[in-house]
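Each chain carries a letter (A, B, C, D, E and F) given by its place in the written order, and its residues are counted from 1.
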């Protein structure tokens, strides 16, 4: 992995120059007509009368989803087509709306991660992390270093598994069926490690306010090392199968192009923003956990097309592996959760010997702990971009209001701009390269 | 020339023989399709580190049977908006050409030592193919151009949008690749000098180069027509990476989205039958069909079958391999490949081949300095080729520039370099 | 006997297909009838020993021309049925029928009045026998192809080149005509146009 | 009963008349195309019939040319239709008055 | 939503952008906490994060200044319903607590900083100016707030429901909306007959 | 001819049962159990696990089920993988309706089965309110092993014909009524009744 270091790391200072301070950012969307603004009722009327005569002349409306193989779950796209060319489009979301923000208000802070972990189900640990960080910020508590490093280790592994999932679905969407299976194959190995640590393959509820749910199991180091040995040759395989593949390149290069200005104006974060050349990664720019202590590069693209986004994710796997290696080296000994008795349940051993500990344990899990009133916004860099949590507490044991800023949700806005004037096949590639997780979009 | 048993009039026995051969061919084809589906699923599974079907019968061999029975007994529906007559007709239109093409393929017979592959059944001499039409290869072309009707009409008659897009794609694809297919076929016709499949096999069964390398058209025509034919054939089959017609990720199921039950099974059958048939045609055209050395201990005609089957398997595997490996092309890329690469290449190659042929047959006066004349002819034809290639590339480039100017967009690939970030991890 | 059967069946298909083309109010079905008609013609060609032409007929007509027509129908979405009971010009139908009938009468009259049936009749209709390249001389089954090629590339080579030119020009012309100049502007979405 | 070329000629005449009638009656430009193809096919039948009767290959050569010309005609005609119908999909031949003086 | 609103907003953005005082922020940081202002609005710090509190009227002007001052991305727009908030709210002097609060977060890529804006919105007139013309990325976020909280953004091009079905009644995230189980609302969208 | 009308009305299920039809039914059940193609209906977290089940570690293909059909017309089993929102419910039902008989539903995960932890305004509390469910797979999300178990359970049920009986009791799904086997599990005369 000598070449990873060569990944270009852009300087953030030149970002400022690209932004014209004089005007609103709406002007930066040259293709803003590409957003189809049409109510579903109206669309349903038009869809019955195909092809649309009169006002829209040659175009027809087509519905993609919500149950369509390439819409990553339940995304629905209303496409206005001219032949096979997408003229305008409108992503319709909400088919997986779960009311998690409302549910969060009925759950204690300790139960909270159980709820949020089901948002971005491809990267559940990040949801737990951002929720826990927000809670800890409200309480103002310190987390022991081992917990921090465990969180970092697990999150980076989760980033790897999430990007592997992207590799799989991206391959599938473009017709490379074997890539799909290969992606799952590698992801499965990561999940097995997760299962060993957290007891679950997904939706772990592992990172909790105050630390993590359990210490790393015996032999975890060997498991991680095995993973790290397994991955590089597999990534090389992907390079052979896809990166260097002429058809693959033709399908992705120059497809779904978005400019830097557009991406910023549309509040895109994560690989989409980075694909346009903006080296913006919260791990570097607004560090949390122990990211200042580890060495890694931000992978940026230069064309803002789907291939860049693919390549960024592929190389971010490699960067994450670097971080994981450093986590292995620097993992401190110590407690895996905060000693704060108000927040942390007593150790299992003490419950058996002490009645007080039992009562304490009972109270924490039934009533929860109180969190000082106030509001806070905390964000982490999830595999899809800025995952933020805005939390308001009224001093009780439940969040008064919990809002998650899902990167997929916001990134969806770039989709109509990317797929305007391209073919349906490109639209599929664009959806895939945005990599939306609908659970997080709809929450 | 032509079927031996037809030479001296037709009696009842001849008819019986013909019918019998047709029935056997159909049965062989059906079994082949059944095994092909199983083979494909198994091979793809192995390529993907999986096991593949293994519950239905030993090694999952009856998987296709189970699928077929299930589909046969599934509820059938004709959508409200469908054109009922055409909707019902389409699956058969897809299936019939697939089978008919197989009738001109010689599947067995002893072609060693200059034999013509004929066997004697019930006192009648006959070839081991349903019919040796005098223009058998043209028959294949005609059938492959008809095969698109099933797909086209299926998509159109379903009365909904995804299938319609599928059928538009199908028709454009069929027209584009038919030309390349025909042109690469012309190269084969040029060197063999016959339109009959049986004679084609006989020609290829001849003494090989140096006695070792077979006289296959694959070598005689210089590989290029073979490659073009394979690519164009894959496109005609609508198999990956050219399966835009049914592209699941884009068009749900493409033309067969609205089909269920037995009608869907017919499409399924037609698709795999076409695969088998096309592989058989490739084997016949380029790899000498059933021709091959006769090692004894088996009846001579059976050796033909063994060779034929072995060659067939290579191509069936190739098609499965394509499916497991390659991403799907985009619609416009498919058209570009067909019109801007395959057709010019096959046309140019045909030109070179005919130049060489012309010289070798002595139709140009090469009594004097034969080598110089030969070189002249070849040089001229290559010159024409180069000129054509330059003109074509110029035209393509200018068209591209114009299109970009119209679109008023930057060309993300204009710098020619690839994304730095992508390359970052390797070198 | 077999010949007769083949002729009658294919003639029925040809004429049935032709009538289908004229009377079907749906363009796609008309196209399908057309294919049937072409098929019948191909069968008749085979019956007369013109194998090559028969298959070229199928490849070109059924495989390319009708596919192209269907492609255009589907592309433009003009597959709505046309109400053929409506007659835009009064008396057009009957006038057309009369004219067509007259054409038929003219041809048939010419045919039957000019002489007796059989090959002599044909000679009478067309003039003398030229006998440039007798087909029946060769007993090969692909004589058709060889003779055709010889005829095409010797005596008719100029015409052959001319048709090649014609095809090229037609293709170029078609491309130029259909090319979308991108003139149409898309409706720009501005606030207020929403909620349609 | 022997099938002589007269049979073919009658068939051809019928086919031609039907195509001719359709051309005059139908208003959908695409169907009109099909009718023209029918007429061309009628001619083809005649050519082949004469070629067989006269034992002369020239008739078949002519069919070959007819095929090529038909292809060219369809290409040009369809592109015209596409160019026009793109703007007005509900077009009939009656509406094609752009060249009217 | 009317065309005029948005074009007017854009114009304001352009004219006012010029005379933005970059010094504002510096003075704000130096000044004593109780009178600290930025962009003409009171500033508070919540867990070390900077929050400004413009009124509804000032809000869009402030947004224009924010954009001009390099806060180039609007990362989040959300809202809180303080209907049943048990304790007194920490708000700077001069800001009246209302039922709703719209919270927008901005980021400056060049400075790697965040700023948060909280706007009080009365319960009887839940409308507020839209950021869309300035920050098109607020599009979905504002629709989400409209959908779940019922706060309408003036000047947004498509103020419609985004997560809930179009025919849905009520705004679920309001505190007076029940959490609990409801019977399946099972009907086809208006305009299509049920099948 | 009640036989013919029965078959016309109800397809194979309309056959009376006798010595000849019983083996056919066994064969059909065998085929259905080994070739139950799932519809792609991934919703949430469970969808990821469902796809993981198709991966090389678990390999749904062994059961002949890697053929995920995007078109509901060709699918046999709908695996409802994930929480069903109020907005999704009509779509789900529509897709179920588009599937052809015989069809089965696996409710994968607690969210689909009962609403799971999301007992709120947005989530349908159990997909069985919308479509008849044959097998429930517990878990949040159920691991691939659980899903495989659910699938094999369904296959067993298909093969023994147990499902038809259940439908008779509940009147749900296909509205088929069955007088089913006696307690011994030996196939007796089974009458598959009429559509309600």
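As a working rule, a contact is a pair of C-beta atoms (placed from the backbone, for glycine too) under 8 Å apart; a residue touches a chain by one contact, two chains touch by 3 or more.
From a predicted model like this one, the values you see are computed outputs, not experimental measurements.
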Steps in the shortest chain-to-chain touch route ending at subunit F and beginning at subunit C = 2
Which chains, if any, touch subunit E and subunit F both?
-> A
Go ahead and name the chain pair joined by the largest number of contacting C-beta pairs.
-> C-D
Farthest CA centroid from subunit F: chain D
Subunit A and subunit E: spacing of chain centres that average the CA atoms, whole Å = 24
When the centre of a chain is set as the mean of its C-alpha atoms, what distance in Å lies between subunit D and subunit E?
-> 69
Subunit B and subunit C: spacing of chain centres that average the CA atoms, whole Å = 28
Cα centroid separation between subunit A and subunit D, in whole Å?
-> 62
For subunit B, which residues are shared contacts with two or more other chains?
-> 48-50, 168, 248, 252, 407
Do you know which subunit E residues sit against two or more other chains?
-> 132, 157-158, 160, 163-165, 172, 177, 179, 189
Mark out which residues of subunit A touch at least two other chains, giving numbers and ranges.
-> 32, 37, 39, 50-51, 57, 60, 68-69, 94, 97, 99, 102-103, 181, 185, 442
Residues of subunit F that touch subunit A when the two form their complex = 40-45, 47-49, 51-52, 54-57, 68, 70, 82-83, 85-88, 91, 95, 117-123, 140-141, 143
Given the complex, residues on subunit F that touch subunit B span 11-12, 27-28, 30-32, 34-36, 55-56, 59, 61-64, 66-67, 69-71, 73-74, 76, 100-102
The subunit C residues in contact with subunit D across the complex are 3-4, 7, 11, 14-15, 18-19, 21-22, 27, 30-31, 34, 37-38, 41, 44-45, 47-50, 53, 56-57, 60-61, 64-65, 68-69, 72-73, 75-78, 80, 82, 84, 88, 92-93, 95-97, 99-101, 103-104, 107-108, 111, 117-119, 121-123, 126, 129-136, 144, 147-148, 150-152, 156, 159, 163, 166-167, 170-171, 173-175, 177-178, 180
Quick one: in the complex, what on subunit A touches subunit E?
-> 12-13, 15-16, 19, 21-26, 29, 32, 37, 39-41, 44-45, 93-94, 97, 99, 101-103, 105-106, 137-138, 140, 264-269, 278, 280, 285-286, 373-377, 379, 386, 388, 390, 392, 394-396, 400-401, 403, 405, 409-410, 412-413, 442-443
What residues of subunit E sit close enough to touch subunit F in their complex?
-> 163-165, 168, 172, 177-182, 184-189, 195
